[in-house]
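These are the structures, in structure tokens.
One chain, chain A, appears in both complexes that follow, with chain B as partner in the first and chain C in the second.
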Partner chain A sequence: MKIKVKSWTSVAWWKWIANDENCGICRMAFENCCPDCSFAGDDCPLVWGHCSHVFHMHCICKWLNSQLNQQLCPMCRQTWRFNDR
Partner chain B sequence: MEGSWNKLKFCFPIISHKLEYNETNREKLDELCKELISLNVLDEITQMLCLEIQNTLLKQIVPEFWKPFFENNLESQSNNKAKQKCEFQIFRNAITQLFRRYQLLNRIMVQVKYLESKTGKKLIYNFDEVFKSSLLSQLPDSFTNIVHAFYYVSFKVFINTKADNDDDEEFMEEREECLGCEMLQLKCQCQELVNAFGEINLCLTKMGLLDRISGYTLTHLIQNEIYNHIQKTCKGNFDTQHLKNLEKWLDTIVLEWLTRIYNNGSSKLDPTNTKIRESINCFQMKLKYFLYEKYANSIIDQFFNIIIEFPESQPAIDDLKLCMEKLDLRAHLVETLKTSLKTRLLHQGVDTCDIITGYVATIKTMRHLEKSGILLQTCTEPVKEYLRKCRQDTVRCVVTSLIEETPSDLAEELARSEAIKAEENERNKDEMNNWQEWSPDPVDAITDSEKHSRNRKSDIISMIVDIYGSKELFVNEYRNLLAERLLINLDFNPEKEIRNLELLKLRFGENLLHSCEVMLRDISDSKRINAHILESETFTSTAEKDEPSVSALIVSSQFWPTFKKETMELPDEMNKIFERYKKSYEEYKGNRTLCWSALNGKVNIEIEINDKKLDLTVTPAQATIIWHFQNQKEWQLDSLSTVINMPPSVLRRRIGFWQLQGLIRETKENLFVLCDEKQQDCEMETQVNVVLDEEETMVSANDQREEELQVFWSYILGMLTNLDSMPLERIHQMLKLFASQGPGFEFSQDELKSFLQRKVREHKLVYALGVYQLPKN
Partner chain C sequence: MTSPSERRLRKEFLELIKNPIPGVIIDGEKIEKNINEWNVTIIGAEGTIYQGETFELQFLFNDKYPFDSPSVVFIGKNIPEHSHIYSNGHICLSILSQDWTPALSVGAVCLSIRSMLSSATKKERPPDDLIYTKTCSKNPKKTKWFFHDDNV
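Let's turn to the complex of A and B:
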């Protein structure tokens, strides 16, 4: 017997490579979008900080904009710096 | 003295018990009078004559009149028609004779009255009254039968003469028998019967007996005929309006016949004769009501069939509407419809889909009958309850028919969504403008909540959704169905789904259907990503020759229904390719990776065996199984199960597919062997084209709900630890208070109850004296 696979369609779900599952600000899963968006993934990306914390980009930007003096990570209170991985 | 007696006997033979009348002139009577006065017996003699007449009536005339009626009842004739004919004659003879005697007595009476006038006193009674009362005092029970037969025969003759004029003559000629008198055409007696009939009625009218003798029977007969006529013309025939024709039939044929009876045989009414006109009018009113009632009832009795045939049966509904304006039939309609729905629709033998179709048809029909929807609401309450309680698959059926390829009522209704919205707005406006035409609900309307009155005017889909009272349930089911369809049919045409989704959004709101939108977007995104990856450096550079073409559906897991957790090991060759695919994806998207759901998807394979080629589309699991048989022809169930990483029981079920194909045999228990030798007993068909064996790839809505409720278990545990014991209501309330932020919180007390009961069965709770407690250990 010889088997030839002509085509194989599979199903997969995508996942962020991150050290956490939920965004610390909106408490939504990373694979979900922030409350202001309706599509996840490309439309609502994640950002990494130097402190290794990860948030929805929209969430952390909103947070940082609301801070008057210092730009701190809401989780560890270190100065927030984007980590361009 | 002697002379006077003889004179008296000559003038009044009745005094010597002879039923005779001698023509006597005034002089003779005057002479007799004088003699009687001189003898001073005029008063007595007059009274005696009266008594004698009365006696003759009671003892002779009346019994003789009734005699044939008694006799006829005894003999039973087998032939019904002949019997009726015979009864017709009996009645005719009896009346003719009675009439002759009535006239005779009347003449005698005139003379007696003359004597009375000489006395100057009031001595005698009203003859007509006595005549009537003595006649009726001996009324036999069975006399109505004969009267009925008499009128029945004549009615048939009459109808036939009427029909003769309307019908085709050719058609009439074909019959040997006359329809009216049921004799051979040549010997038709119709005319004779008509004449006799007119004559008898005239006699009866003159005696003042028409109403007393025939009235009751006549009404009865006509009502019967009306009923028969309705049954004959309208039964099972709903696609034309009958009411006009029926009324015409009543006005022309029946009333003309009646007029003939009351009006001495002529159908033209004398305009000056108000008495007859009044009684005919009265009859007409009564009969018209009767007609309406019977017709409406016949429609109501067949209402279920009308519903099934709607909209073809619309004319029948229009008729019923007209009848309902005149008569109060609501209660009857509701009762009948409820019963017929119960007996014909709501039982085990009917598919849920058919029940829903029936329900939709009922909604449409009742809408047509009554705009306000109050009747509809009352009638369909049992249907809703039945679907809610006994049919688990209601939602699925509804959703399926909403989005089915083949046109269905609901799909059409969905497509009309926008039009309905506009209509509703229009109606609301109208309502405000025509507030004067507002009328209160009838007393039988269900008024228990505001919700009902709101729903009354909503459209069919809302009414269906109303069965459960929650949109979420429907949307969830739709989502699951959509996911299933998308996963099974991977290269599908998204346009129709998108259109469906847009329509559903109009109906249920954007928010609830958001995840479905994401799902559809995932499909189109996947196609794009696929194309990109298959052309990317990373993927193509390491590709081997003759590699199978792969593709992937990449989903946003948060928006799809939960996938089953079950998994399996792909063949190494495939694994390598998909690993590469994953790498390319990671490169392409950055910071994102893929998790394969190996069981989902589909595989197109070509199997070459015994010089034959099989082209099959199978599930990944089936492909993996047969793949392993390529290099090793015998497998123990257990060892294959370890290699593929699949529970043996599930594996066995999946091997079943290949057994059906005749490629694998179970030679010993749990030993599966490939049949690639040329064995006679594994004949295969070359052109087997099996489409995917459909397996449930998604967690069902029920299981999902379970998971949602599980979230509350920790709350409940906390509550019971702190408060020791609580009744169901209180737990429900507390959860509402504290846990309402969670997703899918909307659950009813019943749902909570069944959840708690299951916990009791699992010994995680104790239920006693109406309260729940944690078990003490």
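Let's turn to the complex of A and C:
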């Protein structure tokens, strides 16, 4: 069965409040999910570092897990610490 | 299905077409055929010792990009004569190995190499060029680099 959408009314929209538009690691917009996910939003959340840089949680975790010696922010190279807000 | 590394490379490719970097020319046709292998032409900046020269860089990406750095070497006949560039095209540049981060990109690497060329005042090979080019692996990522001079 084919359905044609004739009109639609939006009732709400959402947006991450981050100081950037795109994830510096995967370069996707924050409102999109990381390349490993299918759904944006709570399923693919953002995380903030103490240095104020923001990434998809999956992207920054993938980077930190690949680092053997030190865990640095990809943007400013300061030691990465999660900022619980 | 496109892999995450290829999606990221495609984004960079489109961005470089939209906003080209001065003195950096990418071979779009080649990239369209194989997104994991880029050839980039670097034009020596005006007012530097490489003015009027062009150089060819080759980028090879694996499926861990951008978490793993690309392999970047100069190829072709004209390998810039520079104290951090070996005659086989290998480049001694920390962001290509230990200082790589996934926030870097093809554009950032090209800018960094172009500025490394621009700050040189003398055309010379690294002091260990002969021994290094005889003993190194074909892949510069297999080299354990030591960085001693951050000024050039």
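Definition applied: the second predicted complex is superposed on the first by the 75 of 85 C-alpha atoms of A that agree within 3 Å, B and C clash if a C-alpha of one lies under 4 Å from a C-alpha of the other, contacts with A are read in each partner's own complex, and residues count from 1 in each chain.
Keep this in mind: a contact is a pair of C-beta atoms (placed from the backbone, for glycine too) under 8 Å apart; a residue touches a chain by one contact, two chains touch by 3 or more.
Computed from a prediction, not measured in an experiment: that's the story for all the values here.
Novice: Of the partners chain B and chain C, which touch A:62 in the superposed model: first, second, both, neither?
Specialist: It touches chain C, and chain B stays clear.
Novice: With the two complexes superposed on chain A, say which partner A:20 touches: chain B (first), chain C (second), both, or neither.
Specialist: Neither partner.
Novice: Looking at chain A, does chain C or chain B touch more of its residues?
Specialist: B
Novice: So which bits of chain A does chain B touch that chain C touches too?
Specialist: Comparing the two interfaces on chain A, one with chain B and one with chain C, no residues are shared.
Novice: Chain C touches which residues of chain A in the complex?
Specialist: 24-28, 34-36, 59, 62-63, 66, 72, 74-75, 77
Novice: What residues of chain A sit close enough to touch chain B in their complex?
Specialist: Residues 1-18, 29, 31-32, 38-42, 46, 48, 85 of chain A touch chain B in their complex.
Novice: Residue numbers of chain C touching chain A in their complex, please.
Specialist: Spelled out, the residues of chain C in touch with chain A are 4, 7-8, 11-12, 64, 66-68, 99, 101-104.
Novice: Help me check something: in the complex, which residues belonging to chain B touch chain A?
Specialist: 487, 490, 514, 517-518, 521, 548-560, 563, 574, 577-578, 582, 585-586, 589-598, 600-609, 620, 623, 626-627, 629-630, 663, 674, 676
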